[in-house]
Every structure is written in C-alpha cells, then in structure tokens.
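Each structure below appears as structure tokens.
Note that chain A is present in both complexes that follow, paired respectively with chain B and with chain C.
Presenting the complex of A and B:
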C-alpha cells in the first residue's frame, strides 16, 4: 500500500517535467524531423525523402566543420579533465581557507558568458594593439596573428573554452575526491602504497562516474560551440576553425541555404552527439549491477 | 527566515531586471504621433540599424501617420538585425507576420520560392518600375514579375585613403588605379613607416575571414569579368587567369607585410583608418556615414575612390551592390494600404527618399533614377559630404553587380583559396583544389542551369 502511494507521488512529481519536455523538446524535435523530409517551393510542399540528409552529409564544408569541432572537443575535454583532476587533487591537500578561496576564484569564469570571455581574450590577442602583441613588440618580437594562423587559431579557441569551464570541472572533481571514503586511502597507506598507486588504484576508479558526467556534458556543449569560435576566429584561417553551428550561421547570413537544409544539419549534429554519448556510456558501463553510482 | 526573505528579494529583483528589457515596439520622443481613429492598421517591421538610421525611419513613419483621413495607421516595429529572420519566421508560423518587412536583395528569391511574399507588379504604375536602375530591377524581379521594392544600395568595396598619412610616409597623396602601381605605392608607404620608427600602422587592409567571401565579389568580377561560376551556374570559372592574378596579389600583400595579418570586422575597419592604424583600406560605402558622424575632423584628410583594377580601368564593376528592399507578405489582409505605405516611403514620393539619403550622408545610393538625378542636381549646395565622395559612391554603385545568390559554399571556397595563398601555400595547387571543389559543389547541390536570375 505504502509503495503504491510512493509511486503515485513520484508520477505526480514527474508530470510537470514530462509535460515541459514533450512541449518544448519532443514536439519541436518531431516537427523538425518531419520538416527535414520536405521542401517548400512556389508550387507547394515537396517530399524529398533523405535527399537533404545525403546532400548535407556530402557537403565538404559541413563535414569538415564536424571534424574540426570533434578535434577541438576532444582536445578541450581531455585537457580539461587532466588539469581539473590534478587541480582538484591539489585542492584536497591544501589547508581549508586556501581551498575555499581557490574554489571561489576558479569558479568565477564559469559565471561569465562565452561572449564576454571571448571579448576578454580578443583584447589579449588582437593582432594590432592587443595586450600580448604589444608586450611582444615592446621586447622586439613580431606580433602573432592569433586568429589567422594555422597553429594559433585552434589554440585561441581551446584556451578560452578551457578557462571558462575549468572552475566547474575542478569543483565536480573536488566533490568526487572528497566523497571517496578515507578508509580506502588509510588501508592503502598501511599496505605501503605510493601516491601514484593510490591515484591509479583508488582515486581514478572511484571517480569513474564523475568522469562520465563531465565528458558527456563537455561533448554536448563543445559540439555545439559557436560563441567563442565566432568572436575569436570566425572560422579563420581558410575555414580551418569553422564549427558546424558557425557554418550554418555564415551560410544563412551570406548565401542561400534553405530552412530544410538548416533543420537537417541541426538534426545531424544531434545524431552525432547521441552516437558519441551512447558510445561513452557503453565504453564506461558499470559492471557492478549496471548501476551508476552517482 | 532571513534567508527566505533574502532569496525572495533576489528573486523579485531578478524578475524586475528581466522585465526592464526595452519593448520591441518603437517609442520616440520626436513628437506626438497622430492616431487616426478607425483606420486600417498596416504593420511594418524594420531592422535595428544605426541610431541615425532608426531615427529617420521613425520620423518618416510619423510623417506618414500625420496624413489625416487616409484611413491607414502605420505601426512600425524595430527588430534586432540578427534575429530579424527568426522573428519573421516565428510570426509567419503564428499568423502574425507583418504586412511589410525588409528583405535583402540576396534573399528576395528565397521569399518568392517559399511563397512568403506577393507579386507587386500590378500594384505600381509601370512608370514607377521604369524609374528603377537596371541593377535594381534585376534585384527585385524574377521572370516578368517584381516581388520587392528596392530601398537602397550599399556598394561593398571602395578604397578609402588618408591623404595626410600618404604624404607623410610616401610623399604623395595620389593613388594609382592599377594594382601593380598600387603595390609600388604600398611598398613606398611601408618603407616610410619603417623609416619613421612608427609602430602599429600598416599601409593597407583587405577583407578577411567571412568578409573575404562576400567582400571580394567585386574584385573577382573586375579581375576576371565574372564570378566564381558561370552565369548559368554550370561550371567553375577558377581556371580564368584573373583568379590566379588575384591569388598572387593576396599572396604579395601578406608576404610583403603590406596588410596586417589579421584585423577586426570588415564593417568596422574604417575605425582603424581613422585611428592612424592604416594608411589605406578597403571598406563598404557605409563607412562614409561613420567618418562624417564619428570623425568629422578627418573628412578633409580622407579620399575615396573605386578599388584598383588589374588594367587600371575604373569604369567597371569593382564592387557588389548589397542593400534592402520592402516586400509585402502573402498573409497581408490589406495589400492596397501596404502599397500606399511603400509608395510614400520609397516608391512614388521623392521628398522622403531624398531626406533619407541626405541624412545617410549619401553613404547609400538610390535605386531610383529620378532620385539619383535630384541628388546630383542638389549636391554642393546642401551636403556636408565632399562631392567627390558622393560621385565616387554613385559611380561605383552604378557599375556594381548584384550580390550573387549562389551557394555560400562557392564563396567560401574562393575565400579559402585566397587565404591559403596569403598564408604561403602553393597558389597553383590551391587554385586546382578550389576549382575541383566548386565543380563538386555544383554537382552535389544540383546548381547547373538553376540560376533564378539566369
């Protein structure tokens, strides 16, 4: 009897979420999917089948932008994971006051919007008159074209993106580390385990689910990135830093791209995200009763 | 309890701040608006441009509404540029699309194709259509029908130069009209800058990044006699030697340090010229308004001319004509009233367009021959803009081609080729690769013989 009451309460509490999801996610998504198979012409609506999907997949620039964003996402996510993990480990070791101050300070960039972060980094990296180039010139160096150079352009997207997410990553890692029972470490120390052994045999395995959370979040966010690339490089040089969303924005504002093509491209990006995230869940699946220990 | 109150205060303040966002409808303190009772409402959505532009648009709406007993009340809404298309689309879906809205020349066909706008041909006298320049007619018509009424043109590329800086660094203020002599001048300016010890100033600048895609359409035309694909969209034109000349020019400009390796937005590059960061630059005609309004002290020190060409001929297309048109929605319930509004603002009336172009400091050109003639006859008596600037803008605009409406992929293939050439890659290899890419795009996107303007 008690169980039935609990179930009813649970369903009742789920209703608003389900209604909102259906209204604002699933219905628009179904409409978009439906529309991607049709095209409006002066004669009326024409059924295209998978034609637009094939056209989008064979589009050199769209596919190139997908590879670009994948490379950027992998670099950003892996770098972010490593440095945040190391930083979170350091936070656990330092005294409490310093830890609190550090956590507050590193979380601040996360509160700033991507556009503001990009503007800050633009001030630093502008070719003619930027802070870094002015410093370089003052010591006799040549200015660097951070947003128009094959080597520097990806970095001028990667660094601000890591900077903006570093605080969030570190705090999640920190929360994960302090949740590991101390007795594990004490037992390892009794057995004479080194710092690296404790990290590889206790900390990292216990943090697995946190890693999954962060990787999945970052993949979803980074595959759709456009604010920072748009302001920092806008796809330069020669479209080597063009992300899919940026490509769609440029195509729409500068040339002819139909609504059907935009919708199809957006659906393809979503499918890629779903495939990648499913792969991550599959690769990291928990062998202990297949339950996530979050 | 304290925490609860604190949270409540923060929530209320947050909601209040969100609510403080200005409404999209225009309120103005110009003068009180005449509201005609029982009049038919005509809705007009215009883009949120520069302040001066918005103000003249609002004033002309008030002027229209001042006409008493015409039975029409014009309701204008100002929409932020980047969300304009989304707002129109949403409004269309929900049945609230405005009667009249702005569409760029490049997007008129898309609106026609989607059945979003009506054929305007029969609503205006033939004399009104005859008053349009040939380029304007091409920009708003498909087949035998006119679907939009042109408001203005903005040539995309003009050469702006600082006479004082040229004199200072190169001992001359005369700018050659052909690229080879122009490069000699740039070298001379670069030497002058180097000898002076000045830093952070470059001889010249060209469109970069996205702007390289559309900002060089005019240059492509002057170098090759056409654009990247043939007019019937059947094949690539990159084997034309003019594209090789253009790529070599780009390579020289970058390799010799004559242009900054990167720069800001093309639409704002004029600021670098006015702030002594550039001696010369390519910029759109809209930059004239920026100079007049923000750097009036520099007007006498700046010259404006058409872009150099490879053969030195200036009486040819060196730019594209971008700009805006008014269209009437296919959902409009009172087309006759909407047509009256367009007639008043741009089509029939001469006073209102003249007023607009004067306020714009002639940084935009009229697509109406009669207005062009009136401006020509009145110049020198009223304008704060140097006459030679206005003459240059009209000369470039009248020679300019329309912005192409082929796939943006073709434009970025050319811009990537130029960027790669600029960054030191092998030009021949880049041209071959770009040529093949364009052939592939034509095939994949089924472009051949599908140019609506063809």
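Presenting the complex of A and C:
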C-alpha cells in the first residue's frame, strides 16, 4: 500500500489549525522569547543576555508571589485529590439513583467562572454583615476578617477554588474506580483483604494515571490563578495572597513594570510549570516499583 | 443489619456533601431580594424582610449611571461571541482531529508535535505579545479579537483524535471503495457519530469564552463599551458595589449564571458518557 496517500486533503483540513497556531501561539511565543533577551531601540537591537531574567528573579515581590501560588496550589491540589477520591469511593457504593443524581449535580460549579464564584463567596465572608460573621456574632463570637488575615485569607481563596474543581475531580476519579476490573477486588476478597488493604494495594495503584492527569492539568491552571484572589483578598494582607498573575496585572495597571519584564516573568512561570510537570511524569510515570505495579 | 446502617450513613453523607456544594448558590438567591440596608445587616435572616426586585430593575438603568454600561446588551454580545466561537472552534478542531486520526500524510508527526507542544505554553506567557500581534493585525476593539485567537485548542484536537482513533479501519476502506473523498468520509460518516464529544467539547468551549476575563479587558478599550464581556461587567459592578449595592451585584451574577445553567441542563445527560470516553484514553 502506498504511504501518504491523503496529502492534499489532510493539508486542506489542517490549514486553519496551522495558521491560527502560528499566528496566535508561535509568533507571540517567539516574540516573548526575543523580547526577554534583546532590547529594541530606534538605534538598533541589542543583546541583553540574561539581564532581564536576573532583574525578574531579584524582584522580591514577584518571587514572593511565586512562593505564595506554589503553597496555594499544593494545598488546593492535595486537598482536592484526597476529598474527591474519598467522595468517588462513596459514590461507587451508594444507592444507584442517588449516585447518578449526585454525579450530575456536583458538576455544576465547574462551569462557573472564578469571578462569579468569588462574588458569591463574598456574601459569606464579608467582614461587616457577611453571613458567616453574622452567625458568629449571634453565638457570641467576634467577626473574622476573611479578606485581610494571615490565617483566613489563604483559606478564603482555597475553599472557593476547591469548590469549583471538586465535582470534576470526583467524576474523573469515579470513572477511574469503575474502570478497575472487578476480578481484582474479588481475588483480594478471597485472600481476605480488608477495606483499607484493597484501597491501598488495588484502587490507588490502578488509578495512578488518573491522579497524574488531574495533578498535571491543575498545576497549569492553579499557577496562573488570579480571579478568585483578585476578588476575595486582592493580595492582602501584606501581599501574602498575591499570586504572580495578579501581581503582573496590578503592576501593569500601575505602570510599575515594563511589558518586557511582564513577559520575562511569564516565561519564568512557564519554566516552573514545565519543571514541575516533567518531575511529576519522571517520578511517577516511569517508576517500576514492584509493589505499586499490578 | 449493621451493613444496612453503614450504607444509610454513606447515603446521608453523599446527600450532605451535595447539599454543601449547593449551599453558597442557595444562600445567594434570597439575598438578591433584600434591599441595600438589609443585605449585610446583623442579625442575619435567610429570607428578606422587605421583599424587593429593585436589585434587578437597577440593572436595566446602568447605562444612565457613571458606569455607562448596558448589562443585558453585554449578556447578549457575550453569548453571541461564545456561540460563534463554538461553531468555528468545533469545525476547526474536529476536522484537525479527524486528519490526525484517520489520514496518512507527509509531516504528520512533526505537525502533531507542533499541536501538542502548545499544551505546555501557559496563556500568561504569550498574553502581552498576543496583544501586540492582534494590534498589528488591526483587530483591536473588534468582535473578531474576542473570537479568533482562542479557536484552536490542542486539548480539543487531542480529544477528537482519541475519539476518532477508536473506530475500526474498515470504515474508511469501505467508504473509499464506494468512491468517497476524505471530506465526504468525515462529513457523512464520522461527523454524525460525533454527537457526544461535540456536546461535551462544545459546552467547554462555550464556557471558556463566556467566562473569559483577562483577554477581553486587554483587547477591548473603553471606546467600545458595547463589546464589553459579561465577566468584566461583573467585576466593574463588584468594584462599584458601595454605590449600586451588593444586591445588584448578586442579581447581575445570578442573571449571568443562566447560560451556564442551560448548558448544564443540556450536557448533564452526556457527562457520564463523556467521562467514560475520557476513560478510553
């Protein structure tokens, strides 16, 4: 059989994709890389080397925001993994009808934007007269500054973010659990395995790929988060909840930072994402630990 | 007996979790009908003592306030942009997924790598330079700048490719023997079989456009208030909530939730199937 028989029609089908990717991804990416290494002035182009990168890495506000978003992302992703996994296990066991209804309903928050979610949660967390503080006062407690407190501010970002992703995580985990062949559990039951043993020796190892998929996609999303922090805390208190993208947006509107610096900072965010995600693949995907392989 | 109790507790726990998820939305609904003074007042009551629809009617007159925006026109424009984007993006990404899954052509692997590599590029990295590109193309302040740059998505092409890879080779061969071209093969055989992924991916494209905030704020200036997207409007209202009242912000938020709710009702049947599809990968 001849190879490459479909050349003409395949290229016709791919023209829109290729043109759009080059125009709106590859050209901007090349421009971004170029701008972070070269400086264009009316007199000509000058090679700057790593000068802009060094400037960005030594920018304490930006670096602090990177640590902030890493802490937030890790907390969010781990919590989401654990609670969704437990919930998905419950969904497999409960009454069929309840399971179907629950799986449908929990997906809804996933469709709502971060801005809308934050506006809804503000109703609960407002300092003067928010629902939580009103209820606290009714039982004699003192109000909490959810948007300006070292302990509560991170939480008022973490909880709405988990709220958005919980349903999607649970659905993916549910799909993972029901795709495990039933015979594995039956065999384990014959050998007298307990509930926890089945979970740690069958369910979790069999779902490794689902965990990796969820973590890798969420790292990309969470490291760029800014909508919920922008509305809930706006970086307060003392910039401890300022995420990198929010920092860049703020600095750009204040005129504190040049477009070149923003681009360089954003390239650093990309590098961090690539490093984290490749480490995850390297650590978990190729590991041939006997105990974890079925 | 003990086992039955355990199951009942688990059932109740699931009901409780689902209820907790809906609690914030449920709490928002009565608050929309409270007046400006009651909404953040102590002590808190679930239901409004002075029932009012002012929060909604105020949205009609935003054009005559200092904000000078038209909430409902923005809703319409945003829905229009998202709908056009769904049609265009589905056509482009589906046919690309089909070509990568079913056709043999020169440079296939190189092009596939070129598509996949874009998954590793975060939006923020190319944000500023993308604005430069659309400025150079003269697209700023037009409806096209909201639609065109986000049409191609490596995730969606990947999804459709995986879906089309799942069909037996004999389908193509039979169609070719009957003299079908590749376009006819796609149009008459693969397209009609793609309803489930079309609904799922279509919904996610719609929500992506409907919920977008950052890109429209950078590419639409104050001169084109008629093109303002709904998330930007909500952000503006939120910043201005001391003047227009938080009740109106909630009312606007609630109205903006109608399209996602409709999408949710359409897709819910397909969600389970879709997750099963994702499981094939």
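Details
By definition in this document, the second predicted complex is superposed on the first by the 253 of 294 C-alpha atoms of A that agree within 3 Å, B and C clash if a C-alpha of one lies under 4 Å from a C-alpha of the other, contacts with A are read in each partner's own complex, and residues count from 1 in each chain.
What we mean here is this: a residue touches a chain if its C-beta (ideal position, glycine included) is under 8 Å from a C-beta of that chain, and two chains touch if they have at least 3 such contacts.
Treat the numbers as computed from the prediction; the structure is a model and nothing was measured.
With the C-alpha superposition on chain A as described, chain C and chain B clash in the combined arrangement.
By the touch criterion stated above, A:24 is placed in contact with chain C alone, chain B being left untouched.
Of the two partner chains, neither chain B nor chain C is touched by A:183.
By the touch criterion defined above, A:234 lies against chain B but remains apart from chain C after alignment on the C-alpha atoms of chain A. Looking at the shared chain after the overlay, A:93 reaches chain C, while chain B stays out of its contact range. Chain A is touched at more residues by one of its partners, and among chain B and chain C that partner is C. Of the two partner chains, chain B and chain C are each touched by A:137. In the superposition on chain A, contact is made by A:55 with chain B only, not with chain C. Annotation: chain B segment clashing with chain C after superposition, chosen from 26-34, 44-52 or 332-340, is 44-52. Chain A uses residues 126, 128-129, 137, 259 to touch chain B in one structure and chain C in the other.
Touching chain C in their complex are the following residues of chain A: 3-7, 9-11, 13-14, 16-18, 20-21, 23-29, 31-32, 35, 87, 90-91, 93-95, 98-109, 111-116, 119-124, 126, 128-131, 134-135, 137-138, 163, 166-167, 171-172, 174-176, 179, 220, 223-224, 226-227, 230-231, 244-245, 248-249, 259, 262-263, 266-267, 269-270, 273-274, 277. By the touch criterion stated above, chain A contacts chain B in their complex at residues 40-42, 55, 58-61, 126-129, 137, 143, 145-150, 233-239, 250-252, 254-259. Per the touch definition, chain C reaches chain A in the complex via residues 7, 10-11, 13-15, 17-18, 21-22, 24-25, 27-28, 31, 39-44, 92-93, 95-96, 98-99, 103-106, 108, 111, 114-115, 118, 120-130, 132-133, 137, 148-152, 157, 181-183, 186, 203, 207, 210-211, 213-214, 231, 234-235, 238, 246, 249-250, 253, 256-257, 260-261, 263-264, 268, 271-272, 275-276, 278-279. Note for the complex: chain B touches chain A at residues 85, 89, 106-107, 109-110, 112-115, 199-200, 202, 208-210, 213-214, 260-264, 272, 277, 405-409, 411-412, 415-417, 419-420, 423, 437, 440-441, 444-445.
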